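Think of it as A, B, C, D and E in the order they're written, each chain with its own count starting at 1.
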Amino acid sequence: MTASFFIWLAALLIGLGTAVFALGTLAIWRLPDCYCRLHALTKIDNLGLGLLALGLALLQPDWIDGVKIVTIWLLLLCSSATTGPLIAQRAIEEQTR
Amino acid sequence: MSWMLIDLTLCISLLILAVAALYARGLQQRVVFFIAFGLLCAIAWARLNAPDLALAEAAIGAGLTGALLLSALNDETDPQPPLTQPRLGRLLTTAITALLTLALCAAVVTLFPLHEGIAIQQLQQQMPHAGVVHPVTAVLLNFRAWDTLLELAVLLCAALTVLNLAPARPVTAHDSPLTGMLTRILLPLLTVTAGYLLWTGAHAPGGAFQAGAVLAAATVVLRLNNNPGFTHLRVGALRALLALGLLLFLGVGLLQTVLGGAFLQYPPSTAGFLILLIEAGAMLSIACMLSLVYLGGHLHPHWPCHAPSNGVDTWKRHS
Amino acid sequence: METTQLIYAVTGALIIGLGLSAALRDEPLLARIIAINIAGVGVFLLFVAIAYRGFGQTADPIPHALVLTGIVVAVAASGLAIAINRRLHHDSPSGDGPAEDSSA
Amino acid sequence: MSDLLIALATLPLWASLGCLLWPRLADLLSPLVALALVGCSLLLLDAIAATPVILHHLGGWGGDLGISLRADALSALLLALGTVVTLAATLFARRYFTDDQVRYRFWPLWWLLNGAINALLLSADLFNLYVTLELLGLSAAALCTLGKDKPQALRAALRYLLLGLIGSLLYLTGVALVYAEYGTLAIPSLAQQIQASPASLTALLLLSSGLLIKCALLPLHIWLPAAHSSAPAPVSAVLSALVVKVTFYLLLRLWFELFTAVITPAFATLIGTMGATAVIWGSWRALMSTRLKLMAAYSTVSQMGYLFLFVPILLALPDHDSRALAFGALVLFALNHGIAKAALFLAIGIIQQRLGHDQVDRINGVARQLPVTLFAVALAGSALVGLPPSGAFLAKWTLISASLVTAQWWWLLVAVIGTLLAAAYLVRVLGAAFAPAEPPPPTGKQLLSGELPALLLAAMATLGLGLGAAPIWSLLAPTGLGNIL
Amino acid sequence: MTPSVLLPLLILASSLIPGLIIFTLKEERQRLRSLLNLSGAIVKVALVGWLIWGVYQEQVFETRWALAPGLDLVLHADALSVLFVSLSTLLWLVTTIYAIGYLQHSPDRSRFFGFFSLCVTATVGLAMAGNLFTFVIFYELLTLATYPLVAHKGTPEAIRGARLYLAYTLAGGVLLLVGAVWLRTLAGPLDFSQGGILGDIPGLDQDSLRWIFLLLIAGLGVKAALFPLHGWLPQAMVAPAPVSALLHAVAVVKAGAFGIVRVVYDVYGVEFAAELEVLTPLGVIAAFTILYGSVKAMSQDQLKKRLAYSTVSQVSYIALGTAILGPLATIGGVVHLVHQGIMKITLFFAAGNYAETLGVHRVSEMNGIGRRMPATTLAFSVAALGMIGLPPVAGFISKWYLGLGALEAGQGAWIIPVLLASSVLNAAYFMPILYRAWFLPPNAWPCENDTRYAGETLPSLQWPPVVTASLALLVGLFAASPYSPLEWAQLIASREYRQ
């Protein structure tokens, strides 16, 4: 029972993750200017990836692969944390010039 | 059946990205599409059971080449003025390439199903004596070692020319606290993964090239906050580092012929160790060459001689 | 198993065609380098499609080694082309020409 | 015996690393290595006289798995040509590059180029040939960037590099198809397996078109004149004499050893016509060009056209020994052009350095200032045109007789017109040199020891190959090339 | 290496080696250069003497060197080649002496004498060629060696003249090459043999043989200055006097004529050629050239141009001789090869003297030159009379035999008038010169060189024409003696015709 429960949970998480991703891409497409799109790019995608990573981690046969997938998610958090402000900084410079 | 769907979507998106990368309006858009195409291609390698290639494609194909192209974006690139082909010329070339592609597709279709080649059968028989477990590394560094040796020479040639062409360009400084934090996190991780990749190369996907590429990525990250990384060495040390990989390869190869046996033939007992030794040397050289190719040679304007005692190196002037 | 190989091989062939026809066009250097790299990826796709041996089984390692060599050669060539181009534009438009460079 | 192969393949790479690590030592090291290479290639030649084919499996993995180095009569002869021309160019380069920094940058790339040439001539593996072709293209482009007037040299190097890459990609696609269909990359075993099939035909087309781009046959030659004329003299000497010829050697291997079952007379005639147009058009442009180096570069385009003229004739020749004779003439023509063109470029390098320019109509009076160099130009020119004392005369004699035997007399017409045009642009240079001298030019200095390599090469092309060409046929007789002979 | 193999090589080397050494000599080493030149010439004359004696004794001299499978470089001395070798060697000795005097103060003498020796080597090699392949090699070498000599002065006309010369001769060389290759593919190795080789090879397609004959004769005709291909000869007169003397009287022009003789007699065989009906067109062209050359010579005011056109017409006598089927005509043609050489070289020496000492280039300036330079003008007159065909001098003999041969072959009807007309025309353009030189009072010489010479001019310039003129007289008087050119021509003719 517990195995099927984990599979269902993973399926739910992966479903949620893909939905959030779809939402994020829709947001990037629809939002008017660069700064709003940054939100979609950083926050929503990170959430989507987090859910996806957790879902996949559950599915892995041995736990070490699960840890690897979660570290991927943590690394992505760092890189999007730096890229977001950098892009914003550049956008401000571009507007002022 | 489900795999068919995934393959089709992957291939179609690959084609769309390729067209976008070739025919988008601005150069910047083309470069971004090209990087996306590279990453998608890495997924395609993974799908086709080629993990080594996925690693290499992501690190070198999309990563480093993408960084290279991005850094080259700000050199104003005038279209080749002299070679403006007449309309007829351009039409002719596109017609010929279209014809060649059609012939290629027709030939490819007739190829499948493939029958088992002699090379693979011999490979399976010889694998136990290869000294490493992972077949790709065995092919790279044992069965077809001469290819890899020459490939190191190709890389050396590119790096030397980049150094020869070094314009004395000042290093643009654009570091900010954010990138400082990112490098502090990424740098140790990259070096550790590089070492891990080098070590696992013997029995799992990995090896000198992927490790070298990861180290080169470390230089790219360092370059973000304006530190030239380990390429900023004395000219003598840089020369040694560049030559290390090829020197080891040739040295080990020649050693075997001196002890009897063919060139590049490793005795079964010490094959594993020798391959690891060569891979370590190759990793350092590849990392140095790839980062030089990315950085450009302006850190060593007086290459290959030492900087004149009076002249101060350009880097010190700016920090 | 053949259909997967077929799909990827044909995609590879198409990408080669696209890349080469774009590479032969008269465009700024970066565009031509991108075209050549894309054509290269097409060729590698062809190689790996040939090496595929079905979902579970390990693929034929020889084409993989060849493609690995090809990728590294491609990046070396692109780097060289970009370095030459950077030096070409550093010399001609600015016109001042670096002092230290001595003519051969 | 196989140690010779290893030495020839790896010695240049060792030299390149040596020159990289100890630049000051490079000036001494390079001539010694060049001399050693010439020694090895001569030893290889008489080894080939004993055993027709020498094979060395690298890494001990024989047959189809590993890569093997192979030397037969054809590759041994071209290796001899390569090492001799490299020795002369190395001795010349030591005095040509006066600025130390440029010379130290020159040596490592020079030995990489030479290593690529030797590796390509010895390799018996289809993919390994791709890697050597890449190394060849990259190092040649890199050496072009050392040219004197920067923007032109860099632009020429860039175009050369890009077209070289496109050529290599086409070649690689061909390799993929061959591997897919026959499962192996080793040339000896492929030679037995390849039959006519759609995939093999496409592979032949791809491999040949890739190599034709690198070989600068007529419609695809746009990169050659600029690259060869803007590169420094020793580099353009090796480019014209060796790099283009080594690519042609590969085409010979493909057409006459691997894809003999796939080649059709129509394909050969197409190649022949492209060669014929190259002969006429190249000599015409050489006649019209205003600069000596450009003239020499266009003359390379036209002389390579001659080599392609041999292809349809070789295919149409009925019996074995007339085909062996024609094939010997082809090899003799390649050797003669290699040596004579290298001598010509070295001599032009001296003239350019002495007069400061190489305008054809302003070199009058050079006969009095540089008598040795002008004599070398005259000798090399007569060898290129194919006048009697030179090997090219024998080759053209056999080409004309072979084209008559196979009743394809139009190749004869092309050869005749090409010879007359070549004589025309040679006379144009010699005529200008005889004119009375302007006041001696300000720049330039006397470099007699620099003139010696050019003169020796020119003498070798005319007298050496002219009188001593018989051994070439005896060497080629047993193996000839693959199963066509 | 028995002497029979070594001798031809030694003859070649005796002018090749001095030539190569002279190339390296500095300009000032005048004494060493003259020593080398003269010693080379004397050694060669001695060797040729030995060769003549050997061939007369039916000894076989042949060296063979395989250049490629089926293509051998063959040097073979037979009666015909000895005739031409002895002619060119003897005259080379005389011309070298003349050239040393003539070029005393001009620059680039090392280069000149180097190419001069190379040119003689090529001529001797061509004479001793044993097969058509070797003949073509030395034929082209001759072109290469003579180009720098014609362009020696470096003036714009010299270079233009040399370029025209090269254009003609290279085109001719290529035609000869194609013809030779075509014949080689049809008939196998073409070693010259007495009486021709194509006669007895069965099943050769007649038409292609005719085409080949046309190609060969066109290729050789350029150097033999047959009518449509003679344009280069007058232009090449810009060359210094020794060059125009040796080359355009002996080496280059005779090479073409000698080639025609070789092809007709030793390749085709004269009976087989007659069968193919190729001889009559050759005869017609030769006859037309004879008349055309003489007519053009009359209108030339420049002395050297006039002599050039006279050479054009005289050389065609040899072609005419070969075109008539019959031993007598052959003798006439072959012996004219020698006689014309001796007479024409005297005329060119005299012209050179006039130009060098008195700056006289035009016939109109030659009034009373006989009084000023009696010895040279006497030699000039003897040679001129010989050219016209008056009895004591050599020219008469060859015309006499040509006439007899024509009658014997039954074609006397149209050949005798041509011979007579040409003699008249010769008189028409030589007599005014003689009259002007001896009987008209001299007016001011264009540029009187300083008159410190003991005789009329430099001794080394004065004696060569006298020597060659007396040689022409001697050959004319003692035609019947054993070693005379006539005797030798009869020996050749007897071997060529199969009795």
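Everything that follows uses one rule, which is that a contact is a pair of C-beta atoms (placed from the backbone, for glycine too) under 8 Å apart; a residue touches a chain by one contact, two chains touch by 3 or more.
Every value quoted in this text rests on a predicted model; they were computed, and no experiment measured them.
Asker: According to the touch definition, list the chains common to the neighbour sets of chain A and chain B.
Answerer: A chain counts here if it touches both chain A and chain B, and no chain qualifies.
Asker: Under the document's definition of touching, what chains do chain B and chain D have as common neighbours?
Answerer: Both-contact set = C.
Asker: Counting only C-beta pairs in contact, which chains form the busiest pair?
Answerer: Ranked by C-beta contact count, first place goes to B-C.
Asker: Which chain would you call central, comparing Cα centres to the global Cα centre?
Answerer: Going by the distance between chain centres and the overall C-alpha centre, it is D.
Asker: Please tell me the distance, in whole Å, between the geometric centres of chain C and chain D computed from their C-alpha atoms.
Answerer: 27
Asker: Report the inter-centroid distance (CA atoms only) between chain B and chain E in whole Å.
Answerer: So the centroids are 73 Å from each other.
Asker: Compute the distance, rounded to whole Å, between the mean C-alpha positions of chain A and chain D.
Answerer: 58
Asker: Can you compute the centre-to-centre distance for chain A and chain C, using the mean CA position of each chain? Integer Å is fine.
Answerer: Those two chain centres are 31 Å apart.
Asker: Provide the list of chain B residues touching at least two other chains, using ranges where the numbers run on.
Answerer: 80, 83, 100, 104, 108, 111, 114, 117, 119-120, 123, 144, 147, 151, 154, 157-158, 161, 165, 302
Asker: Can you list every residue of chain E that touches 2 or more other chains, as numbers and ranges?
Answerer: none
Asker: Which positions in chain C are in touch with at least two other chains?
Answerer: Only 16, 19-20, 24, 29, 46, 50, 62, 66, 69, 73, 76-77, 80, 84-85, 87, 91, 101 qualify.
Asker: Touching pairs of chains, all of them, please.
Answerer: Chains touch in the following pairs: A-B, B-C, B-D, C-D, D-E.
Asker: What part of chain B is in contact with chain D in the complex they form?
Answerer: Spelled out, the residues of chain B in touch with chain D are 80, 82-83, 100, 103-104, 106-108, 110-111, 114-120, 122-123, 126, 142-147, 149-151, 153-154, 156-158, 160-161, 164-165, 239-240, 242-243, 246-247, 250, 253-254, 257, 261-266, 302-305.
Asker: Which residues, counting only chain B, touch chain A once they are in their complex?
Answerer: For this pair, the touching residues of chain B are 176, 178-179, 181-182, 185-186, 189.
Asker: Okay, in this complex, where on chain D does chain E touch?
Answerer: Residue list for chain D touching chain E: 321, 325, 328-329, 332, 367-368, 371, 375, 382, 387-389, 393-394, 396-398, 400-401, 404-405, 412, 416, 419-420, 423-424, 427, 430-431, 434-436, 466-467, 469-470, 473.
Asker: Touching residues of chain C toward chain B in the complex: what are they?
Answerer: The touching residues are 1-22, 24-31, 33-35, 37-38, 41-42, 44-46, 48-53, 55, 57-62, 64-69, 71-80, 82-87, 89-91, 93, 98-101.
Asker: Can you check the complex and tell me which residues of chain E touch chain D?
Answerer: Of all residues in chain E, those touching chain D are 23, 65-71, 73, 108, 111, 133, 136-138, 140-141, 143-144, 147-148, 151, 154-156, 158-159, 162-163, 166-167, 170-171, 174, 177-178, 181-182, 184-185.
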